[in-house]
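Structures given as structure tokens follow.
Next come two complexes, and both contain subunit A; in the first it sits with subunit B, in the second with subunit C.
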Partner chain A sequence: MPEIFIDGKRYEFEGKPKLLQFILDNGKEVPFFCYHPEMSAPANCRQCYVKVGTPVQNRETGEYELDENGERVIRWFPKMQTSCSMEMTDGMVVHTQETSEEVARAQKDTMELILINHPLDCPICDQAGECPLQIQTYKYGPEGSRFEVKKVHKPKRVELGPRVTLDAERCINCTRCVRFTEEISETYQLTIASRGDKNYPITAPGMEFDDPYSLNTVDICPVGALTSTDFRFKARVWEMNQTPSIDITGGKGTNVDLWTRDNLVLRLTPRYNENVNTHWMPDEARMAYTKFNENRISRPSIKADGDNQIKTSWNNAIETFAEKLEAVKPADVLVLGSAHASVEENYALMKTFSTWGVNDFYFSPDVKEGFGDDFLLTDDQAPNTKGVKALGFSETSAEDLKAAIKSAKVVVLLNDELVDRGVLDSEDLKKPYVISLATNETETSKSTDLVIPITCIAEHAASYVNVEGRIQRSLPAKETKYTHRKLDLEMSEGRLDRYGTNFDNWVNEDNKVDCTPTWELMNNLGKRLGLSIQFGTSREIMDEIASSNSSFEGVSYEKMDDENGIQLTGMNKEEVSA
Partner chain B sequence: MSFDWKSYTPVIIPDIPNLHEIDVYTKNGGYDSLKKVLSNDWDSEKVINEVKAANIRGRGGAGFNAGLKWSFMPKPDGGPRYLACNGDESEPGTFKDRKIFEYNPHLFIEGALIAAYAMQCSAIYVYIRGEYYSWIKMMEKALKDAYDKGFIGKNILGSGFDVEFHVTGGAGAYICGEETSMLESLEGKRGYPRVKPPFPAQKGLWGRPTTINNIETLACVPLVIKNGADWFSGIGAETHPGPVLYGISGHVNRPGVYELPTGMPVLTLIEEVAGGMRNGKKLKGLIPGGSSTPILRGDTLEGVNMDADSLREAGSMMGTAGMIVMDEDTDMVEMLWRISHFYHHESCGQCTPCREGTGWLEKILLKIRNGDGEIRDLELLIDLCSQMEGRTICALADAAAWPVRYTIDRFRDEFEARCKKSTYALA
Partner chain C sequence: MANNYEFTPEDLKEIETIKAKFPEVMPATLPTLWVAQRRFGHVEPEVQHLVAETLDLPVSHVHGVATFYTQYYKEKMGKYVLDVCTTTSCQLCGGYDMLHYLENKLGIKAGETTKDGMFSIQSVECLGACGYAPMMQITNDVYVNNLTEEKLDDVIESLKADKMPEFESVGMPQHTERS
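Up next is the complex of A and B:
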């Protein structure tokens, strides 16, 4: 196998990897800005310099020539080489900044030049704290600057499009954003304008940067030149906790991170998963965070006089729920699961009601024909359509659903905005007694007789099966009235959880929602109805599902965490149809 | 040199009236080399070997053997292959290709056709700088005439050889004279130089094998075919032979383009060919081959000839043979600032060291020019040159750094006289 020597250590490689990627893959580091593993290497930042040599081979025999000590004779490239664009060859010898003064010096030189026209406004820059330029300057940069003349001034606060704002002075012209629109989203909306040190990325005159994936350029921008118009100036990076989760606005199951402070989710960013979304996520999914904070239903509510809902106690809510059920036969109760809720929630609902005597369970798929692209957007608007189906819920059309509601006496509705998305009219919900378990206040929840608040994806650990049959899970990021960051073992342990005080965590009682996970609600209801059910944590529920449902065989939270999601066997990758 | 320059008869721009007209050109033996190549037993290898033997060193500045460059083209695979002709000459002090476009365009066209035949190219592009608007028009006219006469197009002169010929104008960017950014510009993209490898011979225009030659280099080709490699290599300097167009500008009595053999003594060119220094002033400095080549002091030019070896020994380069002559009244600080201003303005901004470095160099030089400079700024300038040289994708950073490094090195007293004493050290 071909070999390469990096800083005196021998590595073997296959194929034709590029040197920088190989160095990074082997846990070593070389600073860089313009390179991105998903895109072409333009080698324009000139930061990833290394010293490279190749062994001298005898032209006839092909054997390596040796010096008097028996060491291979190395012919060094006369110039420093950018490792991002360097193709590896057998026997190559590489020195990084770790073993070569010359390389460290060259990297420092480039860094000094990058910084001369950079405004160095880190204290007011959103990127500070997660800025490759800032981090690498501390690690590899010069100690001071010799630049004593005037910096170049360029446009600031330019609204490139509805979601992205440009500060051209901070730009270091790495062209990552331009290459993103050329190579990844293929909209070709950005280009570099002007020349030399007056360069900056911009759209064509009169055009907007409204690429459906535009915010990814904010993520890959190695400085604070491109910032999210929505998130700008909202929070410092180090004040937030970062929790791995799943996007719930579409069927793709894009892996995301939830960023929380003061018990509010402030932004979503993509999380790398090579099997799902790699480094990217659609802009639409990023705006979903508002649903975790705003319009939340806190405390149950009930229709008291006419159509007005008033807040009520949990006891009263459970009691009313049970009374309404006990007044009718199980056959008169319609139980609707939801592709917008997790596997565990649907399972708890189904198990409770089948124990009580209900035989048929339905859900209404949420599909917008033609919405998807061949990238991360899907026709399926719900995160868990395949999961609900695998649990045994049957798909139902809008007409069948309306008829079923008309003939039912009690309807139990798991978190699904049926009225808002046009499947039902609020009139349809008038006749039977409708109990909705919901996260957000919507037209649907307003049209029902009893609303019981449940936790959203940001507050519980639960699993979702994407359109490709891949099961992935969320972790709780926000506290509810009944959870505590330090006591909830599922809660991801951020830096502030580990080292901070409560004060650092900015946890504010006002931002805690009075709601409960569906399975805990089902426990209470089951106890009141005298059913022999008892759900533990969602982790235990998943173990129970895995042992009883062949579709979920072998699934557990441990395995999902280890493997970054599991492809369920027996589920094909084709799209779910309506 | 005992060579009598006055007896030399020009061959690239010979003294024939109206030679730019195709009838005059053909009457004077024009397109005979093309006919010779196409009709006889000249195969592509023979043409390449002949040109290689003639040792035409690229006239665009790098001085690389043209025939050798042609031989780097891979074997034909049935797909298109291109010849791109570089007429972007934008280096300050260089204005020779313009003469060819104006006075002898068909010589260049014929040379390009022979080159395309040798490398089995299917299309030729000639890229002319946008400022040369009239000359672009002249080339278009010349190409139309050559098309009409059947020298370009399908089945040229009944030989079965097909080639198309296109003219493209630039839009005023110096960087588009760099061969790979010229390719980008020809493709309709922003003129950013490409990362090499892959080299243009493997992946050039539209990802296909491409060779890029200077206009003057190609103009030499018909002469080589007509008179033989030995004739060509017998002219001028042994290691850098052939006729060459000297573009002499600056403080001389008769600035202009002069065709003479390579290896002419620098002082003969200035004193005799260009009519001597203006107003009888003393020669202070000479930039021998376009603004990026290192400046030479006037008092070190004795015995220096205009060929690659002699100039290297003297501490400079042949470049494009665009000589800028400066007399004793020249302010070297002002001159260097103006050159740096040019490179700052023309850096494409792709690579960090050049984008930031060219601007920094200019700003420091402006400071010195305005009398605010300090001695330590000179050290910083030299340091910056080391931070730029050889650290970028193309050679523009080198072109910007060399004048600074060598002008300060060779006229340091003048710079120090303009600088104040340093009050504190650099960070």
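Up next is the complex of A and C:
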């Protein structure tokens, strides 16, 4: 097998990997800006310099020439090489900044050049704290600049498009954004305009950067040049908590990170998963965070007189729920699951009601024909269509659903905005007594008789099955009134969470929503109805599902965490049509 | 983008010939921009859109190329663009004097265009004719060497009569010796 010597250590490799990627894959580091594993390597930032040499080989015999000590004679490349574009060959010898003063010096000088016109506005820059330029300047850069002349000024606050704002002065012209539009999203909307020290990325005149994936350029921008118009100046990176989760605005199950501060989700960024979304996510999915914060239902509410809902106590809500059920036969109750809710929530609902005597369970799929593309957007608007189906909920059309609601006396509706997305009319929900378990105040929740607040994906750990049959899970990112970051070991703790107290002025008790997970609600309801059901944590519920439902065989939270999601057997990409 | 510019059939034919020279269409961007600049006198954003449309390339690419080269005029310029060199050799031999003389004569500053649309003046970097300093170039074309105020007067007069100055061959010392 071909071998390579990096900093005096021998590695074996296969194929023709590029040097920088190989170094990174082996847990070592070389600073870089313009390289991105998903895109071509133009080697224009010149930061990943390394010293490279190849052994001298006798052309006839193919043997390596040896010096007097019996060591291979190395012919060094006359100049430093950019490791991102350097193809590895057998016997190659590489020195990174770790073993070569020369390389360290070269990197430092390149950095000085890059920083010549870079404004020193880190204190007001959004990227500070997660800025490769900042980090690498600390690690490999010069202590100061020898340039005392005035820096070049370029346009600031350029609205490239509806979602991206450019600060051209901060740009180091790595062209990652330009290459993203050329190679990944293929909209060719960006280019580098002008030249020399005056250049910066921009759209063609009269054109907008309205690429449906435009915000990915903000993520890959190695400086603070491209910023999200929405997130700009909202929070410092180090004040936020990062929690892995899943996108719930589409069927793809894009892996995301939720960034929270004081129990508000402030932004979503893509999380790497080679099997689903790699490094990217659609802009569409980024605004989902508003649903986690705004218009949340806190405390149950009940229709008192006419159509007016008033807040009520949890006891009263459970009591009313149970009374309404006890007044009718199970056959008169219509239980609707939801593709917008997790596997665990749907399972808890189903198990409770089937124990009580309900036989049929339905859900209404949320598909927008023609919405999807070949990339990360799908026709399926719900994150868990395959999951609910696998649990045994049957798909129902709008007409059948209307008829079923008409003939039912009590309707139990799990988090699904049926009225808002046009499946039902609020008139349809008038006749039966409708109990909705919901996260947000919507037209649907307004048209129901009893609204019980449940946790959203940002508040519970639960799993979702994407259109490709891959089950992935979320982790709780924000506290509810009944959870505590320090007690729930699944919750991450940011700096402010750890060191803040309730008397800090950034802590706001109002951001905690008064809601419970569906399974806890079902526990309370079951207890009141005298059913022999008891749900533990969502982790335990998943174990229960895995042991009772063959579609979910072998699924557990541990395995999902280890493998970044599990491809369920018997579900493959071909049957995505639903 | 509504486009007020259009290539003539002859231009389109020329562009086809240009495209035929390259295995891909992208390298045709530069010569096609020249065709456009010859036709319209500039490559304003609208012209860039036209070029992109004609070549079926992203507008952003054409914009990037057009803004990279200073010889493409990204805004309307005078009929004659006077590029006065002000880099070292010309500077030492009076390049700025020539520039200022022109500015006063035409009543405009470098980077501006006269009201009648006849002349634009630009202060440019080295045009590679240091041996004949100070010098200027007229609309990316003829060099006028060894400028003096009198020579500038003559040039302006002849340009006003729509007569481009002749190309001047200036022999280098070594050439004179040999001959």
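Basically, the second predicted complex is superposed on the first by the 559 of 578 C-alpha atoms of A that agree within 3 Å, B and C clash if a C-alpha of one lies under 4 Å from a C-alpha of the other, contacts with A are read in each partner's own complex, and residues count from 1 in each chain.
The working rule: a contact is a pair of C-beta atoms (placed from the backbone, for glycine too) under 8 Å apart; a residue touches a chain by one contact, two chains touch by 3 or more.
Since the structure is predicted, the reported quantities are computational estimates derived from the model, not experimental observations.
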Practice task
Check subunit A with both subunit B and subunit C modelled on it and let me know: fit or clash.
Solution key: clash
Exercise for the section: Could you look at A:R195 and tell me whether it touches subunit B, subunit C, both or neither (first, second, both, neither)? Expected result: both
Problem - Partner chain in contact with A:G91 - subunit B first, subunit C second, else both or neither - result: neither
Practice task
In the overlay, answer first, second, both or neither for which of subunit B and subunit C A:N117 touches.
Solution key: first
Practice task
Go through the superposed model and pick first if A:G206 touches only subunit B, second if only subunit C, both, or neither.
Solution key: second
Practice task
Could you say whether A:N173 touches subunit B, subunit C, both of them, or neither, answering first, second, both or neither?
Solution key: first
Problem - Residues of subunit A touched, compared between subunit B and subunit C (which is higher) - result: B
Practice task
Applying the touch criterion given at the start, work out whether A:P2 contacts subunit B, subunit C, both or neither, answering first, second, both or neither.
Solution key: neither
Practice task
Pick one for A:G129: touches subunit B only (first), subunit C only (second), both, or neither.
Solution key: neither
Practice task
Superposing the two structures on chain A, identify the stretch of subunit C from 41-49, 113-121 or 167-175 that clashes with subunit B.
Solution key: 167-175
Completion exercise
Both subunit B and subunit C touch subunit A at residues 191-192, 194-195
Handout entry: Residues of subunit B that touch subunit A when the two form their complex
Key = 173, 175, 190, 195, 197, 344-353, 355-360, 363-364, 367, 380, 386-387, 390-393, 426-427
Exercise for the section: Using the touch definition up top, name the residues of subunit A that touch subunit C in the complex. Expected result: 181, 188-195, 202-207
Completion exercise
Per the touch rule, the subunit A residues reaching subunit B in their complex are 41-47, 49, 78-80, 85, 87, 106, 109-110, 112-114, 116-117, 143-147, 149-150, 152, 172-173, 191-192, 194-199
Completion exercise
Residue positions on subunit C within touch of subunit A in the complex are 1, 45, 48-49, 52, 58-64, 67-68
